[in-house]
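The letters A, B, C, D and E name the chains in turn, as written, and every chain counts its residues from 1.
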């Protein structure tokens, strides 16, 4: 579905233009065309391919979707794949979408899939600041990327918050089953976000500093800024990952410690009752000559004796921490 | 076994030719020979060696088989070893075959072993599009590789699906023995696919970008595309591997948690019966003067008392989650 | 909040100057302006941006805070983000603050946030030694960094001491629950300090040796010294991390070993009482013809017999280490 | 001990020569001397040092033995240390020997220690193919290395077979003690082979491709072939290592699962007997008025009742998988 | 404390000289001064700094001590920090000392701290071989390093021997508590030695091969030799570390296996006694009509019956390996 198709000159909007005229505008000097598609079908991509003269392999990737994030050079143009990552209320898994951006010297074609995130805000901001837009297509690429990457932060924060919630329960008895499940699910979500962040970070890292595509020569500082954001998210994710794996170990230790305490208690009570029962067993024997059985106060004495011994044992176990 | 031996000129098929004439055709300008062998025996390889003037070490590797994936330069020609990986219905292990490709400026010799995958489709498609075939032998190498790599995807998907099945059982009580076994077997299969993917990825990564063999200068974008596919599969495999190792830990935790719950239940029931038995033991003692034994309602009262105490304990254990 | 705004000439203090005059002083030859802010608000940063002609992205970072440590080149100036890490009495978590330093050929602007650490000492020392200050703005950057990094050492030492305390308890029975908790919290603190140290180490590593920003050409040895300090701290932290993860494993082993010993004791006592009770059960049977029941010394003999058997078992268990 | 000392010209054997004449032959053009020592003593090495003018440090290494595999350049000559690894029938540990090779432009001196592997076959094959031997000393180095590396394969295969044997037992109940022991010993053997393979792989990797010692310029393809073999073995070893560590985890899980099943059975039987004993205890009480005790069929009914309850419990436990 | 201060010319000792004259000797051509300090105080270092014109930062490091091993270039001179590691009889921890070496074109100043190792032997050997000493200050640095590194070997051997002792106990029942403690302590010692070895290895690796400090141009082979020694020790340490972490896992498995066997035994004996007690309980019931109680041989038959059943169970448990 076509969302926008606009021509700009020196940073200012000329007009909305029909897709079929794109190739004409591209030939005009100082003119710049910015097209946005959403869940495009094969015919739309085919038309765009013709108008912009896009590389076959890049169009194939955009048509198929489910690419990993990457930035590829085709001659003097770039093809960028970026993943959007969204939290969906009430769902455990993160929602992953995709934005494909074709960037040439005087055009930008973005195509997004499976995502509710729109980029109208990006275009509006860019149109409000013609001096920035006048920097050309690489700046638009930066602006789109920045919009996507900025939306990674709340996701990462959410994951961090989830980890903190789990951590606050990790030393709680009886919460281990829930903890381990949440840790496992959290790890899966961290991996999902990582898969969006890491390859993009690596790719953006090649847009500044060393040998840089000609397109991006004026915008190196901006891409370094995005790279820096991605490194921050990556660091956060690595910390979460590292902490999850420690937390899983700790959780196992807590299970073992809890169990060992239950075992001790079990052992203590078993001992107490075993003693009690042993006494009762003795006085339940049928020997003829058991003088204490004949005593008037034999029974209360016996019970008292059993209770005293058991209380004594109870106290000793209590002291040694078994009960 | 010889499957095909065809000469092409400017991307178009000239004719099937006998193996013995290959060296003659190789001397003609603009001509290109494409030979396909299957499970070749020593004599076929020896003949091919002579006709194409192949390097001894490469031919030795092709003869022996069981090589790791690699792409080696011998002068101006390339020797590529690619592994095919197939799912076999009803077998736990993946089936690994091998395709050896000798690529010279004007020839391609492919030899496959232990694999049911044929490449007739590749040849048919190439013959239908002479402008692609006209790009020469590196394009054929690309087409063969692409065919093999495309068949890795369903295998990787299958492994991912298997992992998801296991994950859906991981928090199920009593499934741990089966889970651990399936995780272990899955890991072995992941390793098998990884061994096909990783070395090839590394090798293909040297066919574009930096210093590239002369043969591949026009087809860099295509090899980058294959590299990109391999990176995607490798990422998937790494995620599976990472998840498997977490799942094994989680599975162990679940065993421990389940056991600790069984232990608590055991402890609770043991306590209840120990109390019951202790009471019975007391009233089973043979003291002469035990007034309650003489009471008319002594027995029902005793049993009632025992039951009440046990029910009370049962309820407390229930509350504290032990039962 | 503005703390200082001073102009220097040839290493000597000229005078405190108003912020609005900075741009005038920057035009004078051999003059150098050093400004210190604390928790600056937007307007202060905006004014500083104008006077020093700072880069928009750097100012944005400084305004937002919560950056990771980094050193970025903007043209011929540097923007450094350093994290301060402080121990707070009575709190488990480390307190992380931030110092942002803008360094140009003839100015230094430092802005600190969320930290009680001041840098008056750095300025005082620098003013006492004009020959050092005369080396220019990179030396001031060094001096600020050195002050921050020097304060990492007591934090690292504290973490090491905490680890040693835990280690001294690790083979103590019954301390495992506390140990695991302390290890977990210690790990979190180590990660916090690491996040301050590692990126800074990497960044400082680019201020000497290879291609160095023009500003830092005379102070390479000093930055190498800071790098060396950071490497030392990083090594300490890695050792702590490594040891923590071993300690967690060892702790789990100790839980298991303790539990297995408890189990053995439980088993031994259970066996002893089971035997005792079995004997009592036998003599509590109601068979008519049980000669020993009629004996005069039957009862004491029975009890003696039971005690002897149990003592014998007790001794055997003692010997084999179960009790 | 001197094994051979032969001079060659243009790939053909001239004659066996005395060690003392070596330096004379080395001065002749197109002549090549190949000496083989075995467990040489100090004087033999000293003589060789003089004749070949070897570097002091290299000779020291050869005299001491127990070096790690390496290839060092000394001026225009090479010093290679290779480890032989042999299976010894009936011994758990692998037998590690050492081959030191000094290679100059027109000589090869090999010295082997602690190994039963000889290299007469290598010499015989080389002498049969003068055109190969004519390629000079680097080819001899290749041939020696190739002989050693080829003997790594059966060792690696043996280790793989051992792993497969263990794997086939890993889900067998009661085999865990043996498994863990075998896994531990296998790991030690894998490490031994790895220590022979990895440093050699790294060293051989510098004999082709990039900057190569002058000696090896014509034999790069051959060293790449050895490198390829070593990579294959290294991959195998890494897979074994990885699998061992998973197997150890899995084994621990199996122990825990088995134990938890034993615990459940124990709990079930304990419950059944506790119920049985509780009933018996009730009817063993001495209350005067217990009507059922007076019934004619009281006893069989009681026993029947006890048995029925226990059978019912048995069946329920069976159903829920505890028995 | 000053130990030696000697001037050499062309490798031969001229005379012991007072520290104050050093700067004079340094100006003489072909002269070389070698000074050795031990636990120097501030004034000694200050004097040395003046005489040799040492860099402030290097002197600060030497004054403070507790540096990590490193080799730093200051202009045309080097500053090396090396750690000595010693076994102290009867102490668990390794003793770490420090040797700081300042090396200029015509001087060497060594300063050792906290170590009983002296370097008189190094000086004596150097003076005996003037042709080596004539190679200049880098050779002295090599000789000092070599002396320190040579003393790492017995320490590494000791750690290996300790590991072997532990390994021989690892499958012994009941040794797990001691094993885990020794493994933990061994790991700490391995880390200590590693911290001495790894940074030094990295630093020495930059004294040969690539871009080498001018001072070391003639002694590259010697430093490569030291590097090789350090790599050997590092490999040993990595193997020990790897083995320790496997051994900790194996030890935990052994605890679990032992415990599971104890559990089985416990279960078996509990079952046997439960059956015994159940029988006794039945015949201890007070039913009026229990014919077997009236039989003359009832009692022996009952006991026989109980014993037979228990023996039968014992045998079955024995067979199935539970007892």
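Basically, contacts are C-beta pairs under 8 Å (C-beta built on N, C-alpha and C of every residue); 3 or more make two chains touch, one makes a residue touch a chain.
Just so you know, these numbers come straight off a predicted model, no measurement behind them.
Path length between subunit A and subunit E in the touching-chain graph (shortest route): 2. Among the remaining chains, those touching subunit B and also subunit E are D. Each step here moves to a touching chain, and the least such steps from subunit B to subunit D number 1. The best fit of Cα atoms from subunit D onto subunit E calls for a rotation angle of 70°, in steps of 5. The distance from the centre of subunit C to the centre of subunit E, with each centre set as the mean of the Cα atoms, comes to 25 Å. Measuring from the averaged C-alpha position of subunit A to that of subunit D gives a distance of 40 Å. Shared contact sites, meaning residues of subunit E that touch two or more other chains, fall at 249, 252, 256, 259, 263, 266, 270, 274, 277, 281, 284-286, 290. Taken chain by chain, the contacts form a single closed ring in which each chain touches exactly two others.
Order of chains around the touching ring, counted from subunit B in the direction of subunit D, is B, D, E, C, A.
Those residues of subunit E that touch subunit C in the complex are listed here as 55, 57, 67-68, 70, 72, 74, 174, 176-177, 180-181, 183-184, 187-188, 191, 195, 199, 245, 248-249, 251-252, 255-256, 258-259, 262-263, 265-266, 269-270, 273-274, 276-277, 280-281, 283-286, 290, 292-299, 302-303, 306.
On the subunit D side of its complex with subunit B, the touching residues are 170-171, 221-222, 224-225, 228, 231-232, 235, 239, 242-243, 246-247, 249-250, 252-254, 256-257, 259-260, 263-264, 266-267, 270-271, 274-275, 277-278, 281-282, 284-290, 321.
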